[in-house]
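One chain, chain A, links the two complexes that follow: it is found with chain B in the first and with chain C in the second.
Right, the complex of A and B next:
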């Protein structure tokens, strides 16, 4: 069980890292190694261990606007839904900061919306089978 | 009102009667009406049938209600029906009906038995008294019955997956003949639950007991209610609530409005929560509302109500303490007044990376706000801190008018200095708050500052005059200058812009000009060896992200003037180590070991940092034929040059080297 958790955590880390690297590449020569981006990545990777089971259960889905969304809170025990909401809000705050930061690190703050769009697509493309993603305004299970 | 007619069917009087039909004109009550009631008995074994041509309950009406009675009796004291089946509009309902009806007194008793064993009994005394009991009726069964009256509530119950059982009694009628109508509804909902499709509104294992009564008046009803939430939990996005609250309320229902005269809610963390309100009956639109909260315990209310509502992303990092009282008024559905009173209240936000973060408190005082009038807020803040910078006690006085807050001059003690804010104004716009102020930092000793932030102790003072501080879209722009007098010289910081200072992606931009810095004091402070002399530094376009430099254009050069210029053996070694391998001509290495100090003519080093790479250059016109650049140009006796060869240095690596030289105090290797 412990090993499984570790592998999941490792895979999750790889996924977050992979998406970050890939998205950066897709945007061209995006410089993503600022102290803020490193801190945001670390914060998101740490949170991913908690979010991954939420993606798998369908409680949280990957939205088309590059955020994560509470999709079906009913799969989580009642008393834990506040915590789940806080988790989603914190993740979205980091994601918004990440998109802003990548654009800013490129000295192109006006790229923020493009960075967000690119990331949204990458998160969705890289989502594991069984996770819920938003397509054409509707939630679909990958 | 009751009309009665007997219609005997059949042929000539002498023949046997094969059909008996009893027509009852109608039955009316404030709550319901029955019309065209017919009771038919037919020969040949078919059960007697009761047909109600038209039934109205409240605003709902039905036609063609048919009750078939396998066991029926017609006696002098009325008609009775046992184990009847009911069809409404041709559809059979899954329930069994028993009823007795006395056509003379119009006394009616109906018992509905559901397959689950639940039952409903309705008794009408023929006058104005109506008594209904629900015994272990499930929400599903109630929805089924409710759907007969109105599809809306039944659909809502199904959509929310509502479940549970109700035991209740409703009594409607005047307590004495000729008196006004009184309605009493009391009961208990148990094992209840509900959930919206997305799970954002849900309750489980709920039990609520209630006792409501209403008395008719000339213009409507006077009502009162007590409801106690006894068991279970609920998530009403974004709040998680648990059983415990008890509501007591009373008011009136008039032709146009529902008034809640007083309502008080008893719940954990609140000494008293009371409200009064009026709503328009059409669509239940809020007209007026007044809420008062007395002695709310912020340690309870903060995490449960305030943080999820105001800053869900920070729930884990926010801590609250102390007490708060509040009042709120709304007119015509619009907020007209808000009053907050703090008593020893405190709030802290832990740093995003586990550092100390930000804290204020204890805070005591009064913040009133009116939509159409100017008010005055007074707060006493006993202290606080931002990371390692501790703040002393200060008073905040502000005029509040609509969406504008104008502060009186404020003196905030910071370490041993004072931050004076003049003309601080905050204005609320559609896109958020904007503000401006004039800020003066009255001298703060470098000793206190360096002690606080854990740097080697330095002498000197920090002061600032920033007449044009502006805050907009989460960004702080500081027009003016921050002056740090240190190491016998000064640092002049201009063009300061700070954004998201408390976030993971905090940013700072500035231009720094340092003049006449005593290198002796500087190198001594940072255990860098010893350099005698003075230097100037220009740091243009400095950008700090998370308080670490990511971009700048820096140039350090010896200050002009006539002064003693010596550099110690150790400082030479350290500078060489910073430049990486091969920073010194081989011939000079032997020389280094022989003398403690050397003379120099000038020192010069520039670094343009971008993308994690520092592009280095040395003294202007100090290029060498072998590609090296002079960092120290020797002079006097003995003299030696320090030469750098590596122009592109990884910034993190350079920082690591500086840190090792300063902190570990190790002697760097020379190659």
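Right, the complex of A and C next:
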């Protein structure tokens, strides 16, 4: 009987400690300061100089799946059109790598889809006025 | 008396706190933290901080070349 209460006490102590530890960790930040993520950010930042006019003209839009998509190539002068597909493909490759790297940097590769979903929402929410974003399967001008 | 009875509880709590602290990362996807991280990265990629702060008055000098 005495042993039983002692065990219960130990167990409750373990429980309290576990809950405290979980609470402390649950509100932490996501790790995004790794060399791989920094390199991807730099690459995307550089490309943004070329992409920004494409967003503004509506040639390229922000898709619901966290990528960028060719929306209307006809607004781009013919001479620049050939490079457009490559630009979009390169951006999407960087974005996919970014989502994967963030999940990996936090030791949770299975979070990749959640990271992608979060980014997709934030890219769209923070897009400038006049840019095209995908909402409910349709393109909408912000 | 009460103190000695509580000692194993406290001891167990501390023990389990230190034991799990090293192992527990995040069990569920931390949506709020992810949003914060996304915003930080978007700021940098789209250079939104820079756009908000107008350039300093250094443009006055060496304007003519």
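Assorted remarks:
Keep this in mind: the second predicted complex is superposed on the first by the 114 of 142 C-alpha atoms of A that agree within 3 Å, B and C clash if a C-alpha of one lies under 4 Å from a C-alpha of the other, contacts with A are read in each partner's own complex, and residues count from 1 in each chain.
Just so it is clear, contacts are C-beta pairs under 8 Å (C-beta built on N, C-alpha and C of every residue); 3 or more make two chains touch, one makes a residue touch a chain.
Note that this is a predicted model, so its numbers are computed, not measured.
With both structures placed on the common chain, the touch criterion links A:67 to neither chain B nor chain C. In the superposition on chain A, A:134 makes contact with neither chain B nor chain C. When the shared chain is aligned, chain C comes close enough to touch A:45, but chain B does not. Using the contact criterion defined above for the overlaid structures, shared-chain residue A:34 touches chain B, although it does not reach chain C. Of the two partner chains, chain B is the only one that A:104 touches; chain C does not reach it. In the superposition on chain A, A:115 makes contact with chain C only, while chain B stays out of contact range. In the three-chain superposition model, chain A touches both chain B and chain C at residues 37, 98.
Note for the complex: chain C touches chain A at residues 5, 8-21, 24-31, 33-42, 44-48. Those residues of chain A lying in contact with chain C across their complex are 6, 9-18, 20-22, 24-30, 32, 37, 41, 44-45, 48, 98, 102, 106-108, 111, 114-115, 118-119, 121-123, 126.
Put simply, chain A touches chain B in their complex at residues 31, 33-37, 39-40, 43, 59, 70-76, 78-79, 81-83, 85-86, 89-90, 92-94, 97-98, 100-101, 104-105.
Those residues of chain B that touch chain A in the shared complex are 195, 197-200, 202-204, 233-235, 237-240, 308, 312-316, 352-353, 500, 503-507, 545-546, 548, 550, 611-612.
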